[in-house]
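In the two complexes below, subunit A is the common chain; its partner is subunit B in one and subunit C in the other.
What follows is the complex of A and B.
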C-alpha cells in the first residue's frame, strides 16, 4: 500500500498548504542537508520534510538543531562542503540566527531558507508581519514573497537555481506569510521529477569547495586591507542575481509551460488609473476588492512585487509610471523613517525618483500582527489613492488602516 | 542504500605516537606552518600545530573566532595546509556537525567519493566553555557524525584584550576583573569543569580527554583517538598564555607542566564510558607522586600578583577538595550520600 506521502507526491494537482509545497520543492530538488528548530509558523514545513524522510520519499541528512543559531550555522557549513541545503525560521527565531544569516551572505554561500513571516515579539504574536524577513534585505540575501501555494513551486525552484548559480552564490529567503500561506490549503500543480531535473542542475561549488582535494582557507581575517573588495564582489553578485533570475525564469516558463512575469504580478492594470502595490498574500483581498470596485466603475489595479531582492527597479519604474497614483501597502513598519512609512513604500519611492513620469504615491500600513486585511480596508485605501489621482495632489501622510484609534 | 540512521562514513586508522621521541620522525609532516601571527610562547598555536600533525592531510578543520582565528589566520598568509574554514564564536559544534553531515549525505547519495575525512572544529574557551556550549552539546549527541571538537583554553578572551571567561581561574586579574582598593578579588567564580561536563552529559560521545602541549605525545595520541573513534569527541587543552597570564614567554612549557603537577588540571581520557588518568595525573591519583603546592603555579603569573596569603590558602583548599572529596578525583565533583545515614 502506498504511504500517505507517496499518494501525494506524484506530478499533478493536489490540495496542499504553502509549507507542504515547500517540502515538496525540497524533495524534488534532492536537498542533501536540512536543519529544523521549532517556531511557529514556519515549522510545519519541517513536519512535512521529516515525514517524507521517515517514509523514504527522499534522502537527506535531517538534523533537529539546538537553536536557530545552530540550525543556520550547520547548513552554512554543509553548503561550503557542496551540499544543497534547506532550513527556515520565523520572527524572533530568524533573529536568533542573525549572525549566521549575515555571514552566510558574506561568504557567498548558497542557502535556501523559508521565513514563515511572523511578528517580532514582544508582545508575543504569531501573526504575519514582514519585518523578520526584511531584516536581511541589506546583507546580500535574495528575498521573494510568494502569494499562493502554487507560486511556492515557482519561487522555491527559482531560489535554488539562482542561489547556486556561480555568478550569484548568495542565499535566498522565501518569505511566506504565516498562517495565510504556510497553513492554508489550495490546489497546486506539482511538477514531475524529470522536469525539475531538466531545470535545476546539481549544486557545484567548483574551486571554492571545502575538501581535502582542494585545501583552501575560507574566510581568513581580512580587515581594511581587503574587506572593501569583498563587499564590492557581493554587490556585483547581487547585481548579477537580477540577470540570472530573469534568465532562470525564462527557462522555468519554458520547462514547466507557465506564463508568469519574473518580477511583477500585475492585475487589471491595462486600463487602470491607479494601482495598489504590495507583497505576499495581501494580493488575495486586494484582487477581490478590485473586482468589486471595478463593478462600481473604479479603474483600480494591483502591482505585486514577487521579489524584494533583487529589487526590480527598471520594471517597477516602467510599470508604475503608467498610473496617476500609487498606493503602497506595507505589512511591515519602519519606525522613524521618511514620512514614517513602511519599508516597501520608501523603497518604491526611491526607485521612482527621477523617472520620466512619477505618479503620486501614498503609503499604508496594514495587516500587522496577522490582522486580516478586509475588503473594506482595501476599498478605503483605493479610494484615498483614487482621490489623490483625481485631484492631482500629493499626500505624503502614511495611513494606518484597520487599526483602533 | 544504507539506512539513513546507520550509515557512517567511517574513520581513519591513525597510529598512536606512544612516546615523545616518535614525534621527530613525523617532523617534516606539518599541516599548520608559517604565516600565523601569534605571540611568542603561545601554547595555543602549538596545540594547532600538533593537532594538525595528528590529523594529517585528509582532514577539514573549522576554526571558531578567537586568537586562533584573528591572530592566526590572515588573508594572504594562511598557515593552514589542510582545508580550513572560519566559523562563528559560538558555533564550533554546529560547524563540525554541518561539515560532517554534508560529507555523510553526499557520500551516501553518491555525490562525493566515499572516504573517511577527519572533521575537527576548534574553539577557544570563549567558544567552547561560554558561548558555544549549546552547539557543542548538540554536536556531541549525534553518534552518526564522526567529528572532534578541540577546545584550546587559554583562560580568557585573550584576543580581545584579556577579558574574563567561564574558564578563567578564581581571582585572576583580567581587564574585566581588575583588583582594586575596595575589591581585591573581582572574579569570584571557580573555573568551569568543562570536559567532565561534556563527558557526563553526553552518553553517546565515546571519547573525551584533557591534554596540554607540555606533553605533546599524549596530546597527539588523544587527538588521534578522538578522530579514530566513531561519533563525536571532545578534547580540552589548557594553554599557558604569556600575554593573558602575564609571565615571560620562556616559561610557557614549564607552566603547562605545573598546571598538571599541582593537580589543578588533571590529565585524563574517557573512552566508551571508561576513565583513564594519563601521565603524571595517573601517578598522583594512585598516590605515587605528590601534588606540588599550587602556589608554585600561581606565583609565577602576574594575573595572581594581587593575591594575599588567604587567597593562596583558599585556592589550595579548592584544589585539595578536587582530589580528596570528589567522587572521581579531579573529574567528577559530586558525592553519593550514604542512604543509611538520614
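What follows is the complex of A and C.
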C-alpha cells in the first residue's frame, strides 16, 4: 500500500501553490544540486524542496548558502561539473547575486532559477513587480512568466529541457508573481515520473564538462582579442533557444497530451478588434474582465506572452497585426524610456516596427508593488484601447492605472 | 450554491498552521464533490509577527469559470463565513495589510455568519464587536484560543470544530460525509470527527440586528496621493514631548500616530502604583515605548502603544506590581494612573477585579503565552500544507 507521502506525490490532481509545483518539478526533473538563501516570496520553494528531501522522496544535495552571491556561485560551479541545478531568489536578493547571474550566462551554464518576483527596495516591500527578473534580460538568460500553478509544470520542465540543450546551454529564470502565484493554492495536475523521464533527457555537459578526466580551463582572462567572438556565440545560442524551445514544446505537448501554444496565450482573439497584452498572473483579472466586456458587446481579447526571452518576435508580429489597437500592460517600470513606457511595451513596439500592418499601441503601468489589478482597471484600459481603435488615432501617452492621483 | 467565500482571521505565527489547516480542509472537502476551490493567505500580512492579526481566505465554486470570476479579485470584498479563532480580535483588527481598525465583521456578508472560538457568551462578545447597518449571525464555538503556529500544534480539535461550524453556516458547501472524510485525511483521528459532529449538532447561531454591538467608530486612515507624499521615501519623524495627557509635567515619547495597536494585544499590563518603586525597568525594557512618564514619575502603559508582549511584567522586580490581564475583560483604554489619581480605593478594586477574572496564569518564559496556550501537544511531522487530493474524476 502506498504511504500517504507517496500518494501525495503521485500523478494526479493536487491543491498546490506555484512554489510547491516548482518543488515538484525539481523532484520530477531529478535535480542534483540545490542551493538556497531565504528571501520572500521565493523562499517558499525552499520549504517544499527541503521537505521532500527530508522525507526521503527526493535525493539532491541541498546547500543553504551564506548569501545570494554564494548561493548562485555554488550552483554555477556544480552546473559546470555536470550537475542539474536549481536555485532562486527575489527582489534585491536576486540583485545581490548579479555577478554570478551575469557570469553564469557568459559561461553558458544551464542553471534554472526561480525568481519570486518582488519589488526592488527601497522602500522595503515584497509585492510583485517584474523588474527584478527583467534585469537579466540582456545577459543571455531565458525568462518565462507562468500565469498559473498549472503552467509552472510546463514552463518548469521546458526550462530544463531548453537550457540544457547543447545548442543553447543558457540559464533560465522562471519568473513567478509573488503572492499571486508563489503563495496561492490551486488545483494542479502533476505528470508522472515516466512521462517526465521520456521528455527530459539527463543533462550532458559533453566535452565542456569540468572533470579531472577532461582537463579544461573555464573562463581565462580574455580582452578585445576574444570577447566579441564570445558574445557572438552567446547571441547565436540565444537565437537557437527560440528554435529549440519550439521543438521542445512540440515534444512536451505530445508527451503530456496538452494543447498549448509555445509562446503566446491568446484568449478570445478570434473576432477581437483590440487586445490587451501582458505577462504573468494578471491574465486572470484580464480574462474575467474580457468575459464581462464581451457581454456588453466589446470585442476585446488578450495576448499573453509566456516567454520574454527568447522573445517570440515573428509570432507576436503575426498575432498583433490582426488587431486595430493593442494595449500593453507592464507590471514593471522603465523610467526615462521612450514615452516613459514599461519594458514590455517598448519591446513589443520594437518587435512591431516594420510589420506590414502595425496596430495602434498604448502602454499601461499597473499592479506595481503587488497592488491588485482590478477588474475595473482592466476595463478602463480596454476602453482606452477600444477608443484608440475606433478613432484610428495613435495615443503615445503611457497611463498609470490604479495609482492614487 | 454558486460561490462560497470564507475567511479565517487569526493571530500571526501563533495560529498560522491552524488557519491554513481550516482553510485547506474546507477546500479539500468541496473538491471531493467535484467543486473547485482556491485557498490563500493575505500576503501583505506577512512576514507575520507574533500576535499580529492575519488572514487566510478561500473560495469554493461550482465550476472553474465561476472560481476564476471570484478569484480574479485577490482578497474577497465580502465573505459568507468569517471564522475568528481568537476572540480578542472581536475588538477589531489592525493587521499589517492596512492602516486603521477594521471591525471583525467588516466583510461578513449581510446575513452571513461570524464564527468565533470563545468562552464568552454571545451577549458578552457582541459588546466588543462593532455595530453595523446590516444583520449577521454570530456563532460561538465554546473554547479558548488555540495555539497552532509555526513550531507547535495544539491538537485540541479546534480545526475540526471550526470546519463543522462553517459547514453548518453554509450547508451547501459539501455534505457532512465529505467534510468528515476530509477531516479524516487531513486532520486525523475519529476523535476529531466526533468533535466536529458535536459542534455541527450543537451550534446555535444568534441573529445580530443592525445597530447591535460596540458603538465605537473604527479608527481610519487616509492614504496619500502620489503627489502629496514626500519625495525619496521620506516620512516625518515623530518626536516625544513634555507633558502628560495634555497636562503639565511628565513626558510622552514620540509614537506612530497611525498604528494604534488597539487590537494587537491579547493581554495588557495592569500596574499597581502603590507597589511601584519607580525603578524605570519597565519603561526601559518596553520594546514599543508604550510607557508614558507621569508628572509624579510613575510609568503608565499607554493603550494606544502597548502590544501586550508582557516584557514589563517579566522584568518588573516588585512582586505583583505589574500583572498581565486578558484583553477581553477590558472595554476601556483609559490611563490607569489617572484612574488611580482620581480615586485610589476605586482603582484598587478595579485592578483586583480585572486580575481575578483575567489574569494570564503560568505564562511561558519564552513565548510569553499564558496557560490558555499551555498543554501544547507537539505533533511531529505535522504537515498542514501537503494534503492529498485525489483525482477530481475519481471523486465524482
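One rule holds for everything that comes next: the second predicted complex is superposed on the first by the 399 of 405 C-alpha atoms of A that agree within 3 Å, B and C clash if a C-alpha of one lies under 4 Å from a C-alpha of the other, contacts with A are read in each partner's own complex, and residues count from 1 in each chain.
Heads up, the rule we're going with is that a contact is a pair of C-beta atoms (placed from the backbone, for glycine too) under 8 Å apart; a residue touches a chain by one contact, two chains touch by 3 or more.
Keep in mind the model is a prediction, meaning the values are calculated, not measured.
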For this session: Could you classify subunit B and subunit C on subunit A, in the superposed arrangement, as clash or fit?
Result: fit
For this session: Could you look at A:359 and tell me whether it touches subunit B, subunit C, both or neither (first, second, both, neither)?
Result: neither
Exercise. Counting only touches as set out at the top, which of subunit B and subunit C does A:60 meet: first, second, both, neither?
Worked result: first
For this session: Calculate the angle at subunit A, using C-alpha centres, between the directions toward subunit B and subunit C; round to the nearest 10 degrees.
Result: 90
Problem set entry | Which of subunit B and subunit C A:146 touches, first, second, both or neither | neither
For this session: Based on the superposed arrangement, let me know which partner A:187 touches: subunit B (first), subunit C (second), both, or neither?
Result: second
Exercise. Between subunit B (first) and subunit C (second), which, if any, makes contact with A:327: first, second, both or neither?
Worked result: neither
Problem set entry | subunit B versus subunit C as contact partner of A:312, first or second or both or neither | neither
Exercise. Counting only touches as set out at the top, which of subunit B and subunit C does A:77 meet: first, second, both, neither?
Worked result: first
For this session: Please work out whether A:69 is in contact with subunit B alone, subunit C alone, both, or neither, and reply first, second, both or neither.
Result: first
Seminar exercise, completed: Once superposed, subunit B sits from subunit C at a minimum Cα distance (Å) of 19
For this session: Kindly list the residues of subunit A that each of subunit B and subunit C touches, one partner per complex.
Result: none
For this session: Give every residue of subunit A touching subunit C within the complex, in rising order.
Result: 4, 7-8, 12-15, 20, 40-41, 51, 122-123, 126-127, 178-180, 183-187, 284-285, 287-289, 291, 370, 372, 374-375, 403-405
Seminar exercise, completed: The residues of subunit C that touch subunit A in their complex are 24, 27-28, 31, 36-41, 43-44, 46-47, 65, 68-69, 71-75, 223-227, 233, 383, 385-392
Problem set entry | Residues of subunit A that touch subunit B when the two form their complex | 30, 32-33, 53, 59-61, 63, 65-67, 69-70, 73-83, 99-100, 103, 202, 210-212, 214-223, 225-226
Seminar exercise, completed: Listed in rising order, subunit B residues that touch subunit A in their complex are 1, 4, 57-60, 62, 69-70, 73-76, 78, 80-88, 90-91, 93-99, 101-106, 108-109, 111-112, 117, 134-135, 137-138, 142
